[in-house]
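Shared chain: chain A. Partners: chain B in the first complex, chain C in the second.
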Partner chain A sequence: MGIPVKYNIRNLIVRKITTGLTVLGIALVVAVFLCVMSLAEGLARVFKSSGSVRNIIVLRQNSQSEVQSGVTRDQVPLIMTLPGIERDTDGSPLASPELVVGLNLEKIEGGTSNVTLRGISEKGSLLRPQFRLIEGRMFSPGLSEVIVSSGISKRFKNCGLGDIIRFGSYLWNVVGIFDAGGTAPDSEIWTEVDGALNDFKRLAYSSVLLRTTDSVARDQIIKALAIDPRLALEGKSERAYYEEQTSTAEPIKFLGFFIGVIMAIGASFGAMNTMYATVSARTQEIATLRVLGFSRPAILASFIVEALCLALLGGLLGCLLGILAVNLALSGITGTTNFTTFSEVVFAFRLTPKLLLMGIVFSIFTGLIGGILPASQAAFTKITLALRQVG
Partner chain B sequence: MNNPLIRVEKIVKKYHRGAEELTVLNGLNLNIEDGEFIALMGPSGSGKTTLLNLIAGIDRPTSGHVFVRTDDISSMSESGLAEWRSRHIGFIFQTYNLIPVLTAYENVELPLLLTPLGGAERRKHVEIALYIVGLADRMSHYPSQLSGGQEQRVAIARAIVTDPTLLIADEPTGDLDAKSAEEVLVLLERLNIEFKKTIVMVTHDPKAAARARRLVRLEKGILIEENHMDGHSSSGLTDGINVSGISAKSE
Partner chain C sequence: MKFLSLIFKNVFRKKTRTILTIGSIILPLLIICIMGSFLKALDAPDPAETRGMFRIVTRHKVGFTNDLPISYVERIRQLDGALAVTTFDWFGGTYIDNSARNFFARFAVEPETFLQVFDDAKVTRGSIDDWMSDRAGALVGEDLMKKYGWRMGDQIVLVGDIYPVALQLTIRTVYGVSYGGSDGLFFNRKYLEEALPSFEGTVGTIWTKCRDAEAANRLSDEIDRIFENSPYPTITESEKAFQMGFVSMLGNVKLLITSLGIIIVLVIILIAANTMALSARERVREIAVLRTLGFTRRMILVLILGESLTLALIGGFLGLGGFILGLKPFKASLMDTPISGFASAIMLFPEVLLVGLGVTVLVGLLSGLGPAIRASQRPITEGLRHMG
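== the complex of A and B ==
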């Protein structure tokens, strides 16, 4: 049996001020790490949860996004007749030719940002199962009406129900507010596609979204589009299309790790300092334990356990602070630029159990780094020197 | 003559202080019989604590051997020595060296954690040890709640709880007032006489040394005199460097 853990726990309690400050230092590092990572997680989730696996988005070949794509009006009937497209109850294909345009709008908090205006056809909302109209009504074709996502209506001026969105010489009445369950349309404004084509004097749609009957049909349509030289189009699974855009979250993730690692190094030094002070203050105790017969590995393990307890306390407190921060201070929605479409993407901070576990692991790592050298010093100090009883 | 419990053979201990080499023990020989209570005396730097540490297996000689029964502890590995100490040595320190965050009970229990004993058996041993030192009613007290004398008695309980081969005491009364020191000496004497414990004690205090049954004096790393408390005394350097087998000669 090794040195009992209560020895370490009680020592941490006895030195409550030092313990408290070190725990707080680690906790703040973990909390900041969690906040940044929950920002990246929230952003990534928008893309990861967007799109259905049975939906295909048809784009011009080699287009990175709908913004760069074009599907001509005469290509649309060819797409609509591809076998394997699911039919609506009326027998028409579940497909929506769509137009995507970036509107530069004023934010409520100041400044401007691009917002995606999406022209959808009659089936557009059916193809997005998360779509839910929460206020007002659906737009009517030909009347310059729009519906706005709840996220955009909260972040941009003149985007509330009953407002008029002005962009250049264009005017759109906001007749409804919708929610898309945290998916990509939550960052969009929708209108009727043919009206939008006329308003913006476009000759081509940006994309066609369609639902396939099953995964076999999906793969066949993707293949058919890829090998048809007349169309020069490509089909992608809608899920895959959005997942490609999760790269938007990568710089934030990198930042999170970068800040986290830098701060963790600082926190490790804090923990190390505390543990060195602990070892130094307890040199005679350590020597006594060695005299009693506790081995070097037992002493090493005991002090590493103590550092880990310190770090774990910091990690738990950090998680608590992170949860409080994300649920209280950062509870609203926020936005950033999608670097694929260069338009605003609205999202909420998202602190997942996986991130909390990462925070705990992060703190344990900090404790381990901070504890290993002082623990080694404790284990390898010469007993006679530590007892100060040389001859 | 019986085989001695401890046989210190031609022990040399040197320390390096910068470029200077300091010889603390110089070819010392000493035998200690089972059941003896021996006091080591001598001026500071005479090597008595170094000798004590070598016998206790917490230091290693530069050359020579220390045998405890048949174990040559000077050739044991670090981990082997730690394990050996846990089974054979009970150490009593001048400054008690109790763990401040553990209660008297938990302090005494510490050495038993290195044995295969279960919780109930450990409790029995701890209670007996604390009863022997007269502190059965102080089990849940922390060291800060005890007087110096009581702390030292807890330390003695910790030293005897595993029923070790040898009790090593380094200035056990050095930090105590006269009354507490007397209590501790009475206790050590009782452990020797009643419980047949072999005790090796370093002390500066002639009163403490008088409780031992044999007194050995060291000076500059060699034995210069030994006295048996029956009045028989032998002294002097047999060869100018060391005194061999003092106890054997004196008997």
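== the complex of A and C ==
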């Protein structure tokens, strides 16, 4: 004998209001979870997709980021002549000594934040394949010109094409807007490195970025840098460098899970209430089912299925709400501070199929917790007592 | 309030349901309290009112990676209204490892003027002279001493990242503050200059204690005007504005937390409303009987609203009580998680408890309103005919 599933599903439809309220409760919990997690996912995505495995970033030993690092001018030629660096078509090494400076800029929405100004060398843009100039032109060396990522130009004052970024006697003309396909440079402003060294009266670069010919050469260069005591530098694959900064997204991820789990427990209490009520209101019906020959396990299974349907409806609605929220209300770009570099990182919310699946799993968990006790109460109803019960 | 006992009877009529409903109020309420405390912590420190008065901070206009020349300190010291001027340089570096657990503020400062500007900090152990007489000495906050179980004279090694040096420091003096946390470590900038000559002559931020509010306002503008066209332009702001700058870097965190809070309130209302609807529906006939016994519509309304309010208040008091009692162990348990930095900012704010209570009352009233109106408006005859 099968499970009276049809009976359970019909019951959900008959008790519209109760079903609706419970479903909505679960849906909101799932939607909240999805929004927070898609924020964390979007932020983590910036770091995960940034940097090439073939590129090496050279920093001073013990520096966690370029902001704290320094590479002196006389170290640069030593790095550029390491064997295994890819050559450009003209035969020069594909490497770019760079300077990173934090600019304290005003946000359009109010308040200020630090934006990374990166001085790059001639090869700097070649080393970042996602880089694309979308408006204006490239900066010319020596003219105090900058190009701004479209993310930064939308979020900060005076960063549009043709604007001037001014600090007292410092000023830079914005001559171009670029896009880096959602990678780290999307939160940066670029200029020419020697001009920047001069402007900021710096004696040292922050880092050197270089492309290696293959992974063997990459590992050799990293090792060569590590064992050279004269340099006191270290090399990291560019991908690894950015992945370490993914920790910026960890607090948000933790918050998402923390709120998600506690709220899911709360919602499963709600679902349990609903299931208890529907079981107790149907004691006589359940007894009748038993008389008709449905076994205890069948009744148990059927009520668990009912709770799961309830929760699954909530989960699906929650996913829908989440998709709507992320695509309509939260579709713009947003920003926060990267705590490794103390600079703005611009990103977009990102709802992945994996997250949606997690939302559904969350709702199933809610239904299971909420359904199991009421279902066993239903299954162990004493037939004679139940049939005798009035109203 | 002769209905009180009737309301209580109804609340506890179905114990499982009551416990579940109360549970589903307590859990989200806890989250609201935690998030509210965090929001409050972001806003809380108002140095102008609670701590040292009239301090202003001068930094390089371009941003935090640019230093100012040390000669600016003397220049500012000579301005009228500047009572004391001191320097601050973020050392950063690593103590033990790079985990969030071992992160605390480490600054290179000028011991001679440090406590003149930060006159709200009081030396609790050792003396300023002890600190000044040992160039490798450190001034450490009481809270930090407690966190690591340090004693006077202990040695601490900081490995630099911005500054490529390792410093060995000795704890000479301990300070405490009456408001907020004392979890900083300060050491003599001369020690860093000796280890790293390139550090000489530069300063990260300059802190000035002004005579009064008028002087603070005037000096903020005056300092920036003096250095406006120099190669090192400055921006000077009040201590509060300086610290709010760090908060605004977090971006929309506040908005995010607030909107999450509102959605969570909605979820509790939904769950509680569902329970009330369930219990009112089961009692349609009973309510009709009460009406025939002479209970007015209004009494029925009060009865059901009272029931939902009682339920919410029990959940609310348990939740808030749990929050008050559990805050300390909760904070401690978060110390090894990615949100340790945020968790340590959480304190018990009376305002947050008030908000929690407000949410509770709101949930109680809103969740009961629908079922109460429906139950009180239903004609007696229909109610009596109703089949559960």
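We take it that the second predicted complex is superposed on the first by the 384 of 391 C-alpha atoms of A that agree within 3 Å, B and C clash if a C-alpha of one lies under 4 Å from a C-alpha of the other, contacts with A are read in each partner's own complex, and residues count from 1 in each chain.
Following the convention adopted for this analysis, contacts are C-beta pairs under 8 Å (C-beta built on N, C-alpha and C of every residue); 3 or more make two chains touch, one makes a residue touch a chain.
In this text the structure is predicted, and so the values were computed from the model without any measurement.
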item: Combined model on chain A: chain C and chain B, fit or clash; value: fit
item: Vertex chain A; arms to chain B and chain C (CA centroids, nearest 10 degrees); value: 90
item: Partner chain(s) touched by A:291 [first = chain B, second = chain C, both, neither]; value: first
item: First, second, both or neither for A:14, with chain B first and chain C second; value: first
item: Which partner reaches more residues of chain A (counting touched residues only), chain B or chain C; value: C
item: First (chain B), second (chain C), both or neither touched by A:328; value: neither
item: Which superposed partner A:227 touches (first chain B, second chain C, both, neither); value: neither
item: Gap in Å between nearest CA atoms once chain C and chain B share a frame through chain A; value: 13
item: Contact residues common to both interfaces of chain A (with chain B and with chain C); value: 391
item: For the chain A and chain C complex, residues of the former touching the latter; value: 17-18, 21-22, 24-25, 28-29, 31-32, 36, 39, 60-64, 67-68, 70, 100-104, 107, 110-114, 167-170, 200-201, 232, 247, 250-251, 253-255, 258-259, 262-263, 265-267, 269-270, 272-274, 276-277, 281, 334-337, 342, 344, 391
item: Chain A-facing residues of chain C, complex; value: 14, 16-17, 20-21, 23-24, 27-28, 30-31, 61-66, 92, 94, 98, 159-162, 164, 227-231, 233, 235, 244-245, 248-253, 256, 260, 263-264, 266-268, 270-271, 273-275, 277-278, 282, 285, 337-339, 341-342, 387-388
item: Chain B partner contacts - residues on chain A that touch it in the complex; value: 1-4, 6-7, 10-11, 13-14, 284-285, 287-297, 383-384, 387, 389-391
item: Residues on chain B engaged by chain A in the complex (per definition of touch); value: 15, 24, 44-50, 53, 56, 58-59, 78-79, 82-87, 89, 91, 93, 95, 97, 99-102, 106, 110-111, 113-114, 158, 170
